[in-house]
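Here it is, the structure in full.
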Amino acid sequence: MIKAGIIGSTGYAGAELARLLLGHPEVSIVWYGSRSYVGEEYASIYRNMFRFVDAKCLDDNMEELAQEADVIFTATPQGLCASLVNDGILEKVRIVDLSADFRIKDVKVYEKWYGLEHKSPQYLPEAVYGLCEINREDVKRARLVANPGCYTTCSILTLYPLVKEGLVDTSTIIIDAKSGTSGAGRGAKVPNLFCEVNESIKAYGVASHRHTPEIEEQLGYACGHEVLLNFTPHLVPMNRGILATAYASLTEKVSYEEVRAAYEKYYGGEYFIRLLPEGVYPETRWVEGSNFVDIGFKLDPRTGRIIAIGALDNLVKGAAGQAVQNMNLMFGLAENTGLTQAPMFP
Amino acid sequence: MIKAGIIGSTGYAGAELARLLLGHPEVSIVWYGSRSYVGEEYASIYRNMFRFVDAKCLDDNMEELAQEADVIFTATPQGLCASLVNDGILEKVRIVDLSADFRIKDVKVYEKWYGLEHKSPQYLPEAVYGLCEINREDVKRARLVANPGCYTTCSILTLYPLVKEGLVDTSTIIIDAKSGTSGAGRGAKVPNLFCEVNESIKAYGVASHRHTPEIEEQLGYACGHEVLLNFTPHLVPMNRGILATAYASLTEKVSYEEVRAAYEKYYGGEYFIRLLPEGVYPETRWVEGSNFVDIGFKLDPRTGRIIAIGALDNLVKGAAGQAVQNMNLMFGLAENTGLTQAPMFP
Amino acid sequence: MIKAGIIGSTGYAGAELARLLLGHPEVSIVWYGSRSYVGEEYASIYRNMFRFVDAKCLDDNMEELAQEADVIFTATPQGLCASLVNDGILEKVRIVDLSADFRIKDVKVYEKWYGLEHKSPQYLPEAVYGLCEINREDVKRARLVANPGCYTTCSILTLYPLVKEGLVDTSTIIIDAKSGTSGAGRGAKVPNLFCEVNESIKAYGVASHRHTPEIEEQLGYACGHEVLLNFTPHLVPMNRGILATAYASLTEKVSYEEVRAAYEKYYGGEYFIRLLPEGVYPETRWVEGSNFVDIGFKLDPRTGRIIAIGALDNLVKGAAGQAVQNMNLMFGLAENTGLTQAPMFP
Amino acid sequence: MIKAGIIGSTGYAGAELARLLLGHPEVSIVWYGSRSYVGEEYASIYRNMFRFVDAKCLDDNMEELAQEADVIFTATPQGLCASLVNDGILEKVRIVDLSADFRIKDVKVYEKWYGLEHKSPQYLPEAVYGLCEINREDVKRARLVANPGCYTTCSILTLYPLVKEGLVDTSTIIIDAKSGTSGAGRGAKVPNLFCEVNESIKAYGVASHRHTPEIEEQLGYACGHEVLLNFTPHLVPMNRGILATAYASLTEKVSYEEVRAAYEKYYGGEYFIRLLPEGVYPETRWVEGSNFVDIGFKLDPRTGRIIAIGALDNLVKGAAGQAVQNMNLMFGLAENTGLTQAPMFP
């Protein structure tokens, strides 16, 4: 059994990690970390876990945790993982960091968008961006995996084949994304109260959301040149789910079948990517609770654009599920171990 | 592998059965029945099942299904199962009927509350009321199990120890229940449209809901005399979940500990019943997606009443999960096989 | 024009007061009080008020406010109004207190249920319980009105004719109430976050909610003897609305018509009480945004009980609307001035 | 008093018309038309109207209605108004058509996008596109007003000053819109059931939605040349509200202030358009129940694009409120008569 520790286990992503790891046949959780709830019973904070978890919450002592665990998941605010990791820890334990600390290779870009000093940029070169479908082989060998952001996973996977194959003019990419409210975290803030979110939709982080450079960097790797794009997230009155509606101008006249072939080329063998039939578009309800990404697209001959749409569960493929997928790869397990449940509807 | 057929697989309960059975290690589904969608791909109706189910929907031919399956689940409107079942079928296959056809022993009571003629009352004596926690041994031997209703499962389990032990005056029982909207089914009706249900709560079936006699009959067995009670269901703007708030006058002065001992006596060993700590009351969010029933209670010395509260997921323990639990018992499997997932939150 | 000041104008009830008073033909708001937001533009906190309100938030200086206003609404936490009011203020200005400070005549009962020392019990005798339909004449003459609680308004009005006419055994009364989440206030607390409330229902304050003694006191006045009852509130994933489902044993055999006559006797001339046709029960969606209380009931001959159900908008008739109704009475205006909008649906 | 008739009064837009006209000081409703509910009490279908409306539903007899009314609102499916209108009717009564029949001047474009034969194209030249802020003077003189669509009102008003002033390259316009579910109407369809819409978001009508040519035509008038754009609507789990997030490349380097000046030029005197402060973006919650359009925008120097965002209540400014606004203009009333309520929140 793989011994897993979770730092930040009482946030929504951390709690989803607990749920998924409890159902994973090869893992036992040895550490429920939560700075805010040290000493409290985990199941008193997440009562769905009553009878499943007897443990109390522990602090953020990564040194001690590195002794006890084979893998550490850090589902914590930006900056924490970078401030705690060191050579000794990395020699003992594998880390899947769900924060943004190691996602962006250029430390200046990170510091600009996140407004933080990076405490351990020396690990940026070895950190692997854990988008398994694209970096699978690197993940297998990694000690430190930067688990991608929720919006970025959805946005990149929706556009990757188009960009990689040069089918779209990257200077025309616009991503309009919509997320359920669990993406805003479990902090007690007025804007996230039920009555503030319910019966409303809004854009936020307009032309300034931190997932923008992450998407740009990864799509830049795909096409071999710098990408600048617009990314606008919106808050939707639902618990889970991200929908990314991406627009781009096609570089040439192509048929639906030709574009589909590009998607099939990269995703044909992927367990977690479901390319939908022609004329069918993703809806977040169909992926809820699962690690799937559903993708559909349409060509608009009137404007010469493609509209490509992706959907995932922000807490699963957008966070905890992808983290488990990364762990599976790092430990030589089948990639979908513990992640084969059908989505739950309604 | 147990070969299972689902008649009525495109209703919400039938679809939840499909989801649970697909995750069950000992079952394969051989028949996706759906009168409304015969010939259509199941995964085109429930797109969460894309890549999980390749089958097309079949009709209600129970004779043929009895040849192919080891167990048939009928997740159909009242009357259908009773109209199709016969000796030949019952000799070949076990049936778990999710409708009300075989729940009520007195055919007159059934016909009065349901306004239907019962087409096969001859099977009422052998049908077992499939509330596993109470009728476990009978279920194991049954050919025909009447899977309890969603409200009734929640109501009966919440009150059973109190009634069985004579702790409450059954003539004072009032059950005020609240259900998510999946309980109203997938039929296209104006009152179930999003805008009609959202941002509202209402009572319905006031003093006339069909689950009333089912609750009364089962609690009557528990105490050995007739029970008459009030049961009022309410529709809540959420997908899943039932909460039953039950009130009754205590027959004598008892302490919290004494009442708790009664609950422990009957439920102490039950996997699917979680008796909550003192001062904690059930919330439907903590059982969503699982087969658990959470129960809590409070004594009110001012009025001499107990308020006992139960919560479950109406599609799981209130329908499909309990049906699988019954199947497990009927086939000699561990009762919780395929039903051990932690509830999903949020 | 009546000059009105609102202390606590940035809570949900205070904001609803602002909305209603802005539409009131005889009122101008002269003071937007908000301890938390002093100096901030009101319309930056409630952006629906952009272009409607130019004012900035002011503090709780009731002395100064008494100079400027004809009426003060205190939509503040318990204890604040009682700590600020004094003879000088009451000589200058009328007060409608939306907190519980002056609702309960017995200071010991108040202090027990609220856990607070009452700072000005000397005003309890003159304070009028502002349930206009019952205490109309007293309200007209009042300097200090205690605006009833949301649950209590709904519960009392639903049961009043039954209790007043002796049709029910008050020792059997049980009120199971359900509220939208705006009733929980705008404080930043984890249990009120969108993801915690959405897709769930729970009971809270079981056998201990503070509205219990308020209901008991008022129903006690109606029948002339002490009333003890059970009241259980539930939190519903919707913004507005309260539904109270009340149960009681009838004292004698009565017909639907006889009970209806009792309701008509007290409510036949009431503008804000809508007695629904037989067989129709209240739903919160039909009163949203309005000051109406909808009431329906059913007799259950099987159990000898009546089930009486009431619905209102907790922010209007349950708080701000009733406060305006009280103000109208106090200032000699038509009782429904500014309150005649039809409910908004959906 | 203006005598108004509503054809299609039991759809959501028709019911909102009833609500607004009941609160309008210069109007009385003389005809509640509803083909589906002829002879039924209006208040039994919309119980919020209990005590407000005593009338029963009437049929679609526009000839008779033209005798009785001064203005007819047709809140009906496409094609109905065009099939009923004739010279005799237009001589007697003014018509505000909430369907699409007279919105698009080119009958071929209408017939292509709507798949319907237009039954009275002879009235297209005189029909005025009732976007009051742009066509105010024409509306005042009109007999027949085509009330704009919900998405189109939001989209056009958000982009109009930019297009009119030549600030954006119209070939780069992309509008990603999100709507509450009341926009889908009150028809009993499975995709609009609560459990299907709740907890999900989806795009629909991808590159094929009928509001596309309407937006293109109107923006084409603004800039003086043909406009082709992408418009993608999404369904959001909320009752009311539309948010349009529009993207376009700027034609030159402009400052925030310069763009703002363009908006002020066209909207500075508009009662119903609220241009938000810099850095603030529209949220549908802040316009709910009102006739306002909130607009905000941001320039992105990285990509050279503007992101302009608009929000309105689809049933008010997107349908019934705008229809009343048009009526006010047609009858010489102040444009905001009956439409001055503050938005309701929460």
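To keep things simple, chains are lettered A, B, C and D as they appear, and every chain counts its residues starting from 1.
As a convention for this text, a residue touches a chain if its C-beta (ideal position, glycine included) is under 8 Å from a C-beta of that chain, and two chains touch if they have at least 3 such contacts.
These figures come from a predicted structure and were not determined experimentally.
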Chain pair with more C-beta contacts, B-D versus C-D: C-D
Chain centre separation in whole Å, for chain D relative to chain B (CA means): 46
Approximate Å spacing (C-alpha centroids) for the pair chain C, chain D: 37
Per-residue multi-chain contacts in chain C, two or more chains: 12, 182, 195-196, 198-199, 237-240, 283, 285, 288, 346
Chain contact topology (line, ring, star, complete or other): complete
Chain C residues touching chain D - in the complex, by the definition given at the top: 12, 15, 19, 22-23, 46-52, 182, 199, 239-240, 274, 276, 280, 283, 285-290, 292, 294, 340-346
Chain D to chain A touching residues, read off their complex: 172, 174, 176, 178, 180, 195-196, 198-204, 206-207, 228-230, 232, 234, 236-241, 243, 245, 247, 281-285, 288, 298-300, 302-303, 305, 307, 309, 346
Touching residues (chain side chain D, partner chain B) in the complex: 12, 181-182, 186, 188-190, 192-199, 237-239
